[in-house]
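Right after this note come the structures.
Next, two complexes with chain A in common: one pairs it with chain B, the other with chain C.
Coming up: the complex of A and B.
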């Protein structure tokens, strides 16, 4: 079963949270940001080309125009493939682990899977980001030597930066599954 | 408690039978390796599994039953399969059944000796057996070396499949008591080219080892150890590079098989790197010798050296006048300027003496480019060093003079203040000087101080020139290092067979149906290109940087000689 709710990100941009429950111990939470707008794309392209035409008028060299087209294309490809993240999702499978996926606008997906044995807890933390203080969700990884210690902090939803209300929903869903591994007699 | 069943996707359409694999009790998961079909004799199955266990050291056992019925479920078959559970007693006995072409299978477990009778959840994870068997799981780079047995659960699964290779050797066309289905059950795959290469590699390796032992014997002979020659070899970077490549060849041609993945990848990387290097070198050579370009190069070499010398002479004339409006000490200026001018004159004469032989030398030296592009680049760097030898000499003269002056000044400055440097205690102590000592000290101090700008200017100019040459040589060496250390085979493997280099796994949730177990697909998450380069980088013989920026500036200020790069064999000072 799936449900969708609208929230806002830390900078005010509207985002949607989609929750799917695949089974009793498997949940998927996906935060989707706004898609690439046509008007911002055309604005950027027109600005670059106007500048190129201006340079061409000054220098009478047609290489400037072809260079501008080349730069626009390469820049667009790099932006879509490496910068613009469309959707960030969290797949929690009790007793297997947590999988964090980021999908880029060009379709590329980068995935990290963290085994349940390494996960200590999922918490909401505060951070200073530029001039704001924002809340973010993170996974705390267990230190293999020290049972009380934390070896690494993995922040989630870094590009969409949801606000606290969205984070609380995600936190509650995760904790319902994580609690079960503590009640189980043998560790997984 | 959740039970995880790892099922190979190649067995999805297999006929009914029993499941064999490994049960990992700490993780409550069952890794299924193959399906044994009817008819079989249980004793023979147990015998076969015992043999497999002995050879592979993996505890393979019968885990459960698999029924693939094309029509509706048969009651008698299910009872028969339950009875099998009593013959091959295994806790828990897993029963998977598939009806017709349905994607959703029913999975249940039989626990005879369990204390809590609650229904446990089952997760069915499909995996591609061939890819998991061939893949190598890389631990995260920061914690490598601290991994213990229970740290990574997934590595246990990869390990199980990889070590059970002998199980996958029998296919369905073999005559035997046991009929298995696994990823190779349609026939063992092999490549003729690979087999031929394997056969040919043994004599080739032996021949190469023989040749290399001859060459290294010659290199180590006493003839080459006499002082002028050994000094020359250590200064020329071409010899370092050739020695490095010789080492590489020795690694490849050794007849010992590679023990683990790292060694195998290292050998393969060295082999591909050598191949590409030699190919590029031969390409360069063919380009140089076509249209007699090397002759043209030799013809332009002398005029270029002349031009450099003329520019230096102009520079010295400028310094001897009033450079940048500064007023120099006329006498010292003339002395230094004339000294350096005479030096340049000597250098030009030597170059002109050599000029008839340059073309022939260059022609033969250019032939050594067939040993590799790196060797050609090293030769270029050495030629630049030889041609700018006079700049190096000037830098050394200027630096020594300046260094002497600075030390003299600092010591006399201490005399001014009535202090002295105590060599025994390595500190500054106060000291009472006699009047004549003070008088002479003050005179010398004044002289040195007023001559400082002239010397400092010469030092500055020649240091800048030397740094320019060093930067050019450094760039060439950087390129050589890049070609030497880039793991090309690993990068090509990552591009073409990305499942071989795994950083981890990723799960995809497949279609679900209520009441049926959770279905997941486990895929291999390949290592990133940066991770590949970092893991499989070949070690090189030079380390950058030798000095930090702060110590470099300090050395420049004090006039100490700088050698920007060091080699691993040099002593630390």
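Coming up: the complex of A and C.
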């Protein structure tokens, strides 16, 4: 069963949260940001080309114009492939682990899988980030020596920073599955 | 006071008094300017140092601390205010976000 709700990110951009329950102990939560807007793309392109035309008017060197075209094309490709994240999803499988995937606008997907033995808890933490205090969801990894200690913190949904109401939904869904792994017997 | 005297009296008068080995008059203006620019840059530098020493989002410093890890549990006494301690973040989260209305 799938469910989709609209929320806002920390900077006010509208995002959507999609929840799918695959089975009793397996859930997928995907946060999708807005697509690349035509107006921001054309604004950036015209700004670069106007600057290049200004330089050309000053220096009378036609290489400036072709360089500007190259810069625009290559910059757009780099932005779509390395910077613009369309969707970040979290797949929680109760007995297996947690998988975090980010899919970029050019189609590239990068995934990280953390097995359940290493996961201590999924919590909402608040921290100072760039002159703002933001809430963010993070996975706490267990320290192998010290059962109460935390060895590493993996922050989630870094590029589409959802606000607290969206994070609470994701937190509740994750906790429902994480609670069950304590009562179920650990196998291997 | 010596600084003001040196800055204002022209060189020829100082020479006639026999005091020849003073720094060039250029420095009378340059040093205050250096001081003020340092103060201005100090503002920006302090801001930058603050931003750099803020813990990044993926560090354990945002969750716990050396002191919190070594704290001791005090025994629970009836009818007394519980002792102050650092509550682990999982408990805090559960208390804030889990109860249904």
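The rule is short, and it goes like this: the second predicted complex is superposed on the first by the 186 of 188 C-alpha atoms of A that agree within 3 Å, B and C clash if a C-alpha of one lies under 4 Å from a C-alpha of the other, contacts with A are read in each partner's own complex, and residues count from 1 in each chain.
Throughout what follows, a contact is a pair of C-beta atoms (placed from the backbone, for glycine too) under 8 Å apart; a residue touches a chain by one contact, two chains touch by 3 or more.
A quick note: this is a predicted structure, and the numbers were derived from the prediction, not measured.
> Could you say whether A:99 touches chain B, chain C, both of them, or neither, answering first, second, both or neither?
Touch partner of A:99: chain B, not chain C.
> Quick check for you: in the superposed arrangement, does A:124 touch first (chain B), second (chain C), both or neither?
Touch partner of A:124: chain C, not chain B.
> State whether A:165 touches chain B only (first), chain C only (second), both chains, or neither.
Neither chain B nor chain C is touched by A:165.
> Is A:4 touching anything from chain B or chain C once the two structures are fitted on A? First, second, both or neither.
A:4 sits against neither chain B nor chain C.
> Mind working out whether A:113 is in touch with chain B, chain C, both or neither, as first, second, both or neither?
The first partner, chain B, only.
> Of the partners chain B and chain C, which touch A:136 in the superposed model: first, second, both, neither?
Only chain C is touched by A:136; chain B is not.
> Thinking of the overlay built on chain A, is A:144 touched by chain B (first), by chain C (second), by both, or by neither?
first
> Scan A:153 for contacts with chain B and chain C and give back first, second, both or neither.
Only chain C; A:153 stays clear of chain B.
> If you lay the two complexes on top of each other, which residues of chain A touch chain B in one and chain C in the other?
151
> Considering the complex alone, what residue numbers of chain C touch chain A?
51, 54-55, 57-60, 62-64, 69, 88-90, 93-94, 97-98
> Touching residues of chain B toward chain A in the complex: what are they?
Those in contact with chain A are residues 1-2, 4, 27-28, 121, 123, 125, 143, 146, 148, 150-154, 504-507, 509, 512, 517-518, 520, 525.
> Which bits of chain A are touching chain B when the two form their complex?
Going by the criterion above, the answer is residues 22-26, 28, 91, 93-96, 99, 101, 111-113, 115, 117, 144-145, 151, 184-186, 188.
> What does chain A use to touch chain C in their complex?
Residues of chain A touching chain C: 120-121, 123-125, 127-130, 136, 138, 140, 148-155, 158, 168, 171-172, 175.
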